[in-house]
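First chain A sits with chain B, and in the next complex the same chain sits with chain C.
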Partner chain A sequence: MGYTLNFNLIWRNFDKLWGGLLLSLELAVISIAIGIAIGLLLAVWYVSAGRVVRAGIAAYVEFIRNVPLILLVYLVFYGLPTVVDIAYSAQISFIATLSLYSGAYLVEVFRSGLEAVPRGQIDAGKAIGLTPWQRLVHVRLPTMLRITLPALSNTFISLFKDTSIASVISVPELTYGAQWINFNTFRIVEVYLVVTAMYLFTGYALLYALRLVERRFRAAH
Partner chain B sequence: MLGQIAYALPFLAQGFAVTLWVSLLVVVLSLVAGVMMGVGLVYGPAPLRWAVRIFSDTIRGIPILVLIFFVYYGLPAVGIHLESFWAAVLALTLFKTAQVIEYLRGAVGSIPKGQSEAAMAIGLTFRQRLAYVVFPQAFRRFLPPWINGVTDAVKGSALVSLLGITDLMHAINQVIGRTYEAMPLYILGAVIYFAVNYALSLASRRLEQRFSFIRE
Partner chain C sequence: MSTHANPALLDVSEVSKSFGSVEVLRSVSLQVTRGEVVTVIGPSGSGKTTLLRCVNFLESYDSGSIRIDGKEVGFRETGTRQRRSERDLAAMRAETGMVFQSFNLFPHLTAAGNIMLGLRKVRGKSSAEARQIAEHWLGRVGLAHKADSLPAELSGGQQQRVGIARAVAMEPKILLLDEITSALDPELVGEVLEVVRSLAEDGMTMLMVTHEMAFARDASSRIVFMADGGISAAGPPAEILGTEIDNERLRSFLARFRASHF
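This part shows the complex of A and B:
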């Protein structure tokens, strides 16, 4: 065991890790924002749609959930441009993939959330004369969001970790920064120790912050 | 195009066998390690409980890819030389073990305390209490999430391709490197992964239904 820890080269290249962490967060935030839009839209559509639409949405959800994320990332970045005439950067391609990915998980979350809205609330909305649209916007969606908030924060944190997959198409996020330092300085143990700490600290800080938000929303009602 | 893909099929099948082999090893090894550590977490003395808690929370808090690189590049640096295949299996097993620990904790925690106390009252030893009272009841709660987690192991195994291990994912990329038929091959790969995982999730749903008579 002739290994002595030496963190100097890590600190000298720390901008790679810091910039990587910020990019990881950015990728996760943008992807979950789009994912929430996809999830909401499809969940609302699902609960009011006929059999064909339901089957289509279920197929999307099952496909995404049962295929490795890394394969989806390759498929969108290397595969799609060979059959359709579009060009995009690795970053945009990854955001698109992660959005579709989180969207599939969130459809399920929102759909079960919508079903968990108490019948009495919807009836009360009807009784005071709200239209179906008003009932959706003012009654069902707010209650559903409160119910699904914990699942949403868990999804966000796991997306933050999933951004590490972006390194396979050379998006310079945190894991890519770690590999760069690994290959260029060979301070292997040090860099992964630091990166592990960064992921852990950020992940648990997010978790703590999101739990506070959840508590506030629960306390209000 | 189809000819080229047909030509590559035996190669892809070999890769698929590696994917299944990695997944099987990870699932079995993590089951053994996870159940042992999970028992340590629930019943162990405080230092052991803390150690398992820190292990589980650390592993579950970092991306699996970071863990794979850490094990693969880090172990040789400290003088431990593992073949890349075993380094990958070790990393994936560590990751899965942390999940199994949590499934076990949840399942055992759902058994009313009175059960253990009754078992103690009739003079069963710790091992007998686990084997005859707690585990048979906890098993039904453990099984559905665990089988669901098996699909994660299959999906996670695709990451071993990054260490140059020729699993299904790597085999697909290699065939694309030679034939430039990216889209058909990625779709083929997606269909294969989908078939395996969908079958597994159907099995878990059926098991859940079978045990759905349990109510609290």
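This part shows the complex of A and C:
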């Protein structure tokens, strides 16, 4: 074998990867938090609104779901500032994109979750005299969250992996860190082996933690 | 008896309702006075449950009126027939309690939590006060030790007793019971009916739909027989469930009922 693995240069630059991993997590957490807010708001709006609003929300969801994420990233980072007079950093741009992206998927998740809340529970809420808003907050949302938690976990794991796309606009997350080390050390196999292991391990750790949370919630069902 | 001295607490007057082309209620009139227990019996599809659900406006109706304590339930009391605002409807519904066939407890709340939700959000009670009331009613239905259990940890009979406690804790003017033992295993029916019986003894006004004829006979002040969306017969239990009754539909309903239940 003509190629000898040498990880020394990787360890020497490991701070790039470690910092990148933390930033990836940060991007995923912030984006899903905003995405959940967007998703909840639009899902609640959708189920109680008329046809025009529904069509508008559906258009947003369909647009996002049918355009590749990398294209959305380019559109927001390069496209938008050239047509309207705004400026933002690559990081902010990516968070905005990923939030809109996850929001679109979560609208669907939450909408079907809201529709899956048993009719009888809503009747029970009405029967004790809860107003529509109180029924939403105290009856429909808690049950909907339980129903949608597994889908929410999956979306979050996906988003964590999708943060790698931020490297195309030079956001120094994990994949960007890997590229940097590769360009500077030419240790392409080693660096991508290490980064793959980091994505895998973090993904599994997240999944495990989220499944624990789900189980706690499911006990209440 | 003067109607002024003893006005109907619940006054259903000529209520009709259709689902599409199917007429489920045909000019139904029914009065329930304070402290009365009125049982509605009849074959499935006769409109019993729909009638009950109209009383707290879980279902709307096309014509007629339903009044509780003289107040129109679902519609504004102006000349035109206009649905009340959701806020008003919620306030009206808080005056009636309902127990459901499938219990419908809130799965994320404990037994006490289920009872406390309405007390806190609708009655505006403090958490401590609501908890105290919840514990009182859980005691009344024999579940003091289950206050912190989630519905999933309770048997069907226990869940239904929590359902009853949740309804009566709100101190409703009238309690609506919709086939509350139909989803229960036979050995759990008794514990639930026992609770209803004790509420009746306390003078709770009730309108219930049930297939438990023996219970209906013992606990009701009056029995109403519905068929095809209308009231076909009404009277004291001894009369309605007796053999003397001159109503062919009721006779055949009871005959079929006895054949299938004994």
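Worth a mention:
One rule holds for everything that comes next: the second predicted complex is superposed on the first by the 220 of 221 C-alpha atoms of A that agree within 3 Å, B and C clash if a C-alpha of one lies under 4 Å from a C-alpha of the other, contacts with A are read in each partner's own complex, and residues count from 1 in each chain.
The rule we apply is simple: contacts are C-beta pairs under 8 Å (C-beta built on N, C-alpha and C of every residue); 3 or more make two chains touch, one makes a residue touch a chain.
Note that the structure is a prediction, hence the values are computed from the model and not measured.
Of the two partner chains, chain C is the only one touched by A:H138; chain B is not. In the superposed pair of complexes, A:R146 makes contact with chain C only, with no contact to chain B.
Touch criterion not met for A:L206: it reaches neither chain B nor chain C. Contacts of A:I34 after superposition on the shared chain: neither chain B nor chain C is touched.
Measured by the number of chain A residues touched, the leading partner among chain B and chain C is B.
Using the contact criterion defined above for the overlaid structures, shared-chain residue A:L9 touches neither chain B nor chain C, since it reaches no partner. Of the two partner chains, chain C is the only one touched by A:A127; chain B is not.
Overlaid on A, the two complexes show chain B and chain C touching no common residue of chain A.
By the touch criterion stated above, chain A contacts chain C in their complex at residues 118, 120-121, 123-132, 134, 138-139, 142-143, 146, 219-221.
Those residues of chain B whose C-beta lies close enough to touch chain A in the complex are 58, 61-66, 69-70, 73-74, 77-79, 151, 154-159, 161-162, 169, 172-173, 176, 180, 182-183, 186-187, 189-190, 193-194, 197-198, 201. On the side of chain C, the complex with chain A involves touching residues 56, 58, 86-87, 89-98, 100, 102-108, 117-118, 121-122, 150, 152, 166-167, 170.
For chain A in complex with chain B, the residues that touch the partner chain are 1-3, 62-63, 65-72, 74-75, 78-80, 82-83, 161-165, 167-168, 175, 178-179, 182, 186, 188-189, 192, 195-196, 199-200, 203-204.
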